[in-house]
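There are two complexes below, and they share chain A, which is joined by chain B in the first and by chain C in the second.
Presenting the complex of A and B:
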């Protein structure tokens, strides 16, 4: 504050706004305006290909809750798919990376190299890991079934077309792909926990497990909250894996909400309906995030 | 660490590494096999008959799969967006970190709040905005809208706040204006942060999938990610060609990762923490 006063004139007048202007232009055009525009679209029977886009009020939202509407079954089927995926992937992506981070938090030679290796799949895009795992999981020609067969396990599992196998594949691939991201976030959090707390716990005669419960977990609380919310958001955004690995199969069982919204809005061009769906999903996510936030708070 | 425990420790770490590395190595190996050998059961680990045939097919592809064009488009889009992000985010972050002005808190809160808005809510309206601008089916659609991301501003503001103010004050005493301070003092001091942001922006754009799948229509305008989807359809079970395409899409990011893994990992973990 003192420094700011010592330099009068800085930030005066138009200057700060000029610095902000280029970013603000992009931010307004591609973030703020679309957020409101989407809501507007959702209130219309907005067919991209038709000239008329009549205002229909809340009809698009009502249709999502009326079992006689043509979108009802498909929409809730896709919401269920997103729900299943989120429920199974989030716990794994919260717990497994924590284990990896604890391993990487010990001091040993080659630590940064191992950290890089575990993180590496994350820098590959979903398109690469999608086509790669579509190949590895190919029921007839894939390496996964070949490997299982080689050790005497069933070798004809329908990883990409059967249930529950398709879910196991999608969750497994996602854990493999993004585990390193959560691990490095945990690792940074672990390194911020003061050493003295561990020393104190040891003086009190705490064992490894007690140390973890009493020092590590409380110290990680804010990081844990971030990881949980961020992972829920990422998992409920799942698109590429199902698009490339299972193509929604069997039937539309693994077609996620995002896949359905994108198909409805950007392939069938029924944008009003698709926009309504995306706002409903956003609302659901907002609620879930708030509940998570609450849960973390009340534990105090 | 005792000798035995040391061996057990590194065996465990090595085994874990194999889980992450083996699939990627398998992709590379398969790209040098013949279509016939790639689908042999049990699979061969070392290609019995190594060939670059898959790459020849890939690069000699018909007009539906112009892979080199995709590679070039990906390069242009990812570099273009990284540059755009650096320019606009650094200026905005400087104003937010070092200047006082009306509405500053609201502006910053708004930017941060959008980090939690799921991207898919914006996809449909942005499609229409891009259409209005005449950018559908062009690289502009891939370069410009994504540069509005809040991450860069947030990340650089955090970094600028940590810079010592003394140099700026000295520059003020010498009569430098805000633009001179920004370009001559702040930016040179921020090279590591700018490099990190450039790399992360490049990677994010290079890997983007859902947006290019829906805003690009002509094969010659594709980038590699939607292109890989096309390859998967076009070559069906000719896996060496698909794996050659995936290898092509992986090489630049893996090279970038090897060169700058410390920056990337630290950039990711730090912004993750403060997000």
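Presenting the complex of A and C:
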């Protein structure tokens, strides 16, 4: 009796794991093990080519919190840069693509063409958009200032070398570049909302705004959560735009955390210190992601 | 200077937020535990008579210099049927990350090119082999080269690099613009007084003559040239402490900042805008690397010239980089390959006048002073500065300390910090980095 009762349960129990195994294997090999190895590296003075990799305990972490260490100012400066960029780019990248998706979801002539147009920049590599905008935004020779001057606006804005202009440029370029991706996700989400809900809302006398608030937004919630988390992570990992458009200027104001970590680890070969920084950044991102999840949950 | 970044690459860096984490995964304990280079004791000679060997040769000649080197390699291959050299080209920034990783996994190339300031770091990290025997058997001596560039290839009293070329900074000028301001286009200014007078004359015609760029290429280079001109140094010889924030450095940076303050340069010059302005006739002068010869030659209808930097300070001096041959450490030593590699280095070194045509100054004296090089008007004009060139101390990790200068120059020329303050802040940081490196590399 007992054996008969347990058999179907056990038999079914193994199958899902077999299906999961290939991914799990990849995940363990390429994510879990390197992440663990990184933690190990962060406890050493690590240069992979030097034979001595002295164990230093938590020194690499301590240095990040000690104002007299060589990395302290640079690291927190870069974290601040990442923070500024994230705070200003995420709301725009969440809201603007939503508006565009709402418009592109209606039926009008040339809809497909517009969908393609908004998505198009996203297929370009960061090197392409970086160099393109570096020239367009050049404070003295760029097309942007020339056009502004032609219509009588100030034509000497330091788009790539001054503050806050450099941030406005970086956020603007990133929004232009990546909004298509979020818009497509929204569009898919919008098409998943059952039409009957809108019909019912209309029967109940709901206007456009009430429809949006009571039907569209709740229907988009899982998509919205994905978009918010994904955009936060993507923005906090910003590297290429600042690397190519501003080169971190003025000074090191627009040098982001990932830029600095890459310099420390890959150019100065201080991989222990870079790994410690990575872990701190990861921790911060985990925390922010958890808070975001929590915020979306309390709305239940 | 234009690293190739793909979105996927960025995602790779980003996910898990750890470039270092990723890179750590492919490290092991290095190619072998002998730091400072292994054995390379086979006496070198100028000919190779052994069995057929294939050599890989990596470099970062992605510009107009790539085809020139490729042609030299092809010629070597046809003249040496028992050696087959294959050349691979990467962006320099990628190259310096790729090569050590390749060497550590036993997949490194046999031969390569390195910039002089990278040699000590790579020697200390056991990436490159000592080449003293190459120098000895090819009978290469300091007198055959230029002393500063020859000495720069030595680390811990061993030679790791054979100089191929030097690429100094020169002063490029737009002749049409000079003429418009009533200046002699065949006689550009040579002293500080003449230079400032010329800038004044240009300003009178509404031309901002010298665009002061806040970026390393070539703002930092200009700062370094001027620091040496004012009698200063960037570091002491052993790189125990930074000296760039002392009097001469402050004078140098102040001079550049004053270009902006006095209206000889616009504010907020972006990357490459200074060189574009020269081509567009919006600027008259641009202090730039010798590679600019190729850029300007490609511009149709531009009437330009190039000469040595004017002496702004108390003595002539100019920034220069230098490409050097290196041999990489292998898991298993193959004497035939080492030997063939030396023959290759010697061959290219002797052909360096061909190389110079691609926009370089040969490191070898006999070639630099030969009639053929003198016939390359632009290269020879810049090459005339050979005795006034300076290189950073040959100390591992020196590039880490040098990037602090980039930040200071950037902050000062963008008028965000006073020159003295910007340099002092950078020097404080550089001291810490030098100390960190001494601990790391044991110095």
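What we mean here is this: the second predicted complex is superposed on the first by the 267 of 300 C-alpha atoms of A that agree within 3 Å, B and C clash if a C-alpha of one lies under 4 Å from a C-alpha of the other, contacts with A are read in each partner's own complex, and residues count from 1 in each chain.
Keep in mind that, in the parts below, a residue touches a chain if its C-beta (ideal position, glycine included) is under 8 Å from a C-beta of that chain, and two chains touch if they have at least 3 such contacts.
Since the model is a prediction, treat every value here as computed from it, not as a measurement.
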Chain B versus chain C as contact partner of A:282, first or second or both or neither: both
Partner chain in contact with A:239 - chain B first, chain C second, else both or neither: both
Touched partner set for A:76, first chain B, second chain C, both or neither: neither
First, second, both or neither for A:50, with chain B first and chain C second: second
Touching partner for A:198 - first (chain B), second (chain C), both, neither: neither
Contacts of A:266 with chain B and chain C, given as first, second, both or neither: both
Partner chain in contact with A:296 - chain B first, chain C second, else both or neither: neither
First (chain B), second (chain C), both or neither touched by A:121: first
Greater residue coverage of chain A in the superposed arrangement, chain B or chain C: B
Partner chain(s) touched by A:61 [first = chain B, second = chain C, both, neither]: neither
Residues of chain A contacting chain B in one complex and chain C in the other: 31, 33-35, 37-38, 41, 48, 125-127, 130-131, 134, 138, 140-141, 233, 236-237, 239-240, 243-244, 258, 261-262, 265-267, 271, 274-275, 278-279, 281-282, 285
Of chain C, residues touching chain A in the complex: 2-7, 10-11, 13-25, 27-31, 33, 35, 96-97, 100-101, 103-104, 121, 125-127, 211, 214-215, 266-271, 273, 276-277, 280, 282, 397, 399-400, 403, 407, 410-411, 414, 416-417, 429, 432-433, 436, 440-441
For the chain A and chain B complex, residues of the former touching the latter: 3-4, 6-7, 10-11, 15-17, 19-20, 22-24, 26-27, 29-35, 37-38, 41, 48, 100, 103, 108, 110, 112, 114-121, 123-128, 130-136, 138, 140-141, 143, 146, 149-150, 176, 180-181, 184-185, 187-189, 192, 222-223, 226, 230, 233, 236-237, 239-240, 243-244, 258, 261-262, 265-267, 271, 274-275, 278-279, 281-282, 285, 289
Residues of chain B that touch chain A when the two form their complex: 1, 9-10, 13, 16-17, 19-21, 23-24, 26-27, 30, 38-39, 41-43, 87-89, 91-92, 94-96, 98-101, 104, 107, 110-111, 114, 116-129, 144-148, 150, 153, 165, 168-169, 172, 178, 182, 203, 206-210, 213-214, 224-226, 228-229, 231-232, 237, 239, 242-243, 245-246, 249-250, 253-254, 256-257, 261-262, 264-266, 268-270, 272-273, 275
Complex contacts: residues of chain A adjacent to chain C: 31, 33-35, 37-38, 41, 45-51, 69-70, 73-74, 125-127, 130-131, 134, 137-142, 156, 158, 160-162, 233-234, 236-237, 239-240, 243-244, 247, 249-252, 257-258, 261-271, 274-275, 277-279, 281-282, 285
